């Protein structure tokens, strides 16, 4: 009888005494950005953390640590703070120039496997040491999410294609595709996005400019809100060497891929449909005349075709495949192996045709 | 529902099931004249002085040969001699007395001795207020209450059975139901449970509620207790059983389901779209009140990654200098609000107002300024306390206030998982509850799609023409819905 | 023959849907995609369709076994009738152990999910204790409360699986699914074997059959439930294949939860912890159903009171939980269990079907 009464009390004590590990939100130090660099004697990791001292204002701090590997960076950084570092709200991971060229596979794998890290983590490559970028952010801005917001804003209303940890690992682990990440440049103490860095497997190969980034965006997704400058020569401009530009803003685009032949050398034809809005046109263009608009469309179409073909040959030369042509061929072939495709990637045939439509021309 | 009564005897027999239907036999010479009436609807003194006394006096010198003579004898103007059963039934329930000369006579005299019952000077319902609709509430006198009910339900099928409960108090307790409509199982259960009660003093009908209930270990109220007349009438015509106790203005109706506690009379007085909207707001308010503070504790203690990035700054900043973990902060604030509520209910009115302001506003602001709590949490706790009072029945709001605490404790131990452990316990507990033998969580489980039309939303009266199925009434059609109008084409008459 | 179960403990026929759902869909739905894609690659959705259709057939057989015989008896009585008391009771005891193990494995798998995704360094024993208390509370309320919890589990998981599939669509690449049919039949069959584990559990029907009002009416609801579950698995697997590339899928252990990481809104983000907590209700319902079936079996076979055997099973689960911490042993037990399940579903049930049909014809003739 006694035992029956005591038993539930024991259970209750056992139950209540053991809590899960609490991470009370104002007693932890949130890491907002991590960066990885390769320096002379090993690897350097830097973390950007914030302390919310006043309403609306955050103070940012940068912590450094060096060692011979990037794994365990956060636990080493822990030795420098009084609150435990937590990576759950990590939004930005940066790789320095040399680090990216040597390979970032282990770090990506580490992020990917960690259940606490969001799939929307942004990754980026910097044109020099990534820790410098974090120092600049700390000095000039007091927003911890500056970099990730910058990338996301450019994806939504700019020329960057959709990129985040999920998309990058999709490309990295997927066969027949290659990763690409935003590329940051530091200019007079200010940071800006200067295009994309293209990878083969986990090593960075080349960078491309924002102009070409728009082309990539058109090729792989519905490019909304990106803009582009197209040079056009008018009949009335007689000066040599001066060109007028049309600035167009894309409202909608769709890329259709048709695989014509798979063996032995694949041949792909790409048909692009682009619906645009004219942001700026030279004065001599009469925007009300149908003829001139059709002429403009044709000019733009052929210009795009040339640019895209140039872009594709750049990709083939460097043996990088962000567009996913390998994956496309795989989906249409009975047997396909990534190594074989790599060998013939440089010589596959691609033909491009672009159709541009001007949906509206602005108010004047 | 129609009652098939063929003659006066059937009517008298049906009415005789009620305790307040009285029969007086007076001896006039050698004749026995029977007088039938509802004691709660008439003025007793009037009847004695102007009916019985007069008859007895008159009988000393003359005899009544036929019933029409009564008209000459009794000094009351409003007497009718009739054998029309519908008329008799109608007038009987309005407070007339039937005078029958011989047994099995079909013709009788209807004498008006009704009384406008002395209602309490102010018998507005105090605790259940509605903006539209009648505000008639019950008083502490059993007969007055029964009179109020009879005045609204003009059916002889309304049976009132009186029993005595309580060895010292000998309180009159009445069981009310509609014969031919309510399921007999419920009536028998109620009767049996009431007669089994062994208590010395019955103070209030809520004591009866607790004694009658199926399960005394639950915080959930198993019977709806209300002061409003229209609510009791609605329960009765749906097929529920009502219990009144002398000395208490609250009437207990059962069997109830969980959703009965979220129904307010106003839902039926407003158009159905508005009624449904308010009901949904009520249910949302209750869910918010139960879970908001425990979600706060869970997220700030364990799941910091779920905070959206724009909320990070305000949230963390608001907790910046708070020395306690979120669990203690929440407990502190919740207990403060409970103190405020308890104290506010007991303070005299004049002091109550001032202290309410002091307690509510000053303590809150001071607590935030002293960095003992965070202002975001203050808003949450205040809102959830407010939301717990949206239930029309007071008993349920107590339950919700109480239920918040186990959830807070569980979420402080196990975070989000703890909250859902609590949800599991709560749901199983509710499933196992029975009110008078009927399941408590109808229509969610056991699933009855037809009963959904009056639970989360209040459908239009055209759809609500049948009684709720879970009460198993003997007659389920209330009224026939109107024929849908022919839809004319555009611009056609 | 009169139904041995009292009228007031019966449930309506359509409530068989949440019971079937809860017993079949277990923790497996969170990580079945990876194993499935191991053999048949991205053509594995064919395996889903195959297994789903075979389950329809097995379900039909079960109904034939249960209802063509005497009215409303459950499998324990049928076993003793056809195989004699001793052999029949041995089979019954094996069935009881089967259900017990199923409940234990589900419990363990769910605790693993919690340890990985929500609370990595939590002590298991207190949480297990309170979950065990909740299961006890459920099962001791009788079959009705188990059904009620299953109903809530069905509603809650629908509330998160359907939106998850819809919200993930913008990130999907339909190209991943091509080319269709480039794996051999053997591969597809091997994948089907791992898929079968996800459909296992509906054998509880063999024990709760007498608790259904008008059981023949429930047959169409049961088939509807299986169809719906097959569709759900199909939708999940197609979404998973479209969302992840094949190499990516090899690296992820819990794809369904991982897909939730991308969903974000103004007031919420990273809702995995919420989804896992909601999943708790469904898991508890599944474990309660399995334990209820085991206790009922014990009552029928050994005449032990269900409450006593319930306490015994729960304490057993706690003890196993505490001592078996090695992952490899747990993997081994799950594989063993799925093999046993394979033989049970594709061996025992068709054999019983044949036996009962033969007896029926023999009795007629």
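Letters are used for the chains, namely A, B and C, taken in the order the chains are written, and counting of residues starts over at 1 for each.
Assume a contact is a pair of C-beta atoms (placed from the backbone, for glycine too) under 8 Å apart; a residue touches a chain by one contact, two chains touch by 3 or more.
Worth saying up front: this structure is predicted, and the values here are computed from it rather than measured.
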{"item": "Topology of the chain contact graph, where touching chains are joined (line, ring, star, complete, other)", "value": "complete"}
{"item": "Identity of the most central chain, Cα criterion", "value": "C"}
{"item": "Cα-centroid distance, subunit A relative to subunit B, in whole angstrom", "value": "63"}
{"item": "Subunit A and subunit C, separation of their C-alpha mean positions in angstrom", "value": "41"}
{"item": "Geometric centre distance via CA averages, subunit C-subunit B, whole Å", "value": "44"}
{"item": "Of all residues in subunit C, the ones touching two or more other chains", "value": "118-119, 126-127, 130, 264, 269-270"}
{"item": "For subunit B, residues that touch 2 or more chains besides their own", "value": "302, 305, 307, 309, 413-415"}
{"item": "Set of subunit A residues in contact with two or more other chains", "value": "15-16, 20, 88, 118"}
{"item": "Contact set on subunit B toward subunit A in their complex", "value": "299-302, 304-305, 307, 309, 312-317, 319-320, 322, 325-326, 412-415"}
{"item": "Touching residues (chain side subunit C, partner subunit A) in the complex", "value": "116-123, 125-127, 129-130, 133, 171, 173, 175-176, 178-179, 182, 244-248, 250-252, 257-258, 261-262, 264, 269-270, 272"}
{"item": "Contact set on subunit A toward subunit B in their complex", "value": "15-16, 19-20, 22-26, 28, 30, 52-56, 58, 86, 88-89, 91, 116, 118, 145"}
{"item": "Sites on subunit A touched by subunit C in the complex", "value": "11, 14-18, 20-21, 88, 109, 112-113, 115, 118-120, 166-167, 169-171, 173-175, 177, 327-328, 330-335"}
{"item": "Complex contact set, residues of subunit B against subunit C", "value": "302-303, 305-309, 413-417, 419-421, 423-425, 427-429, 431-432, 441, 444-447"}
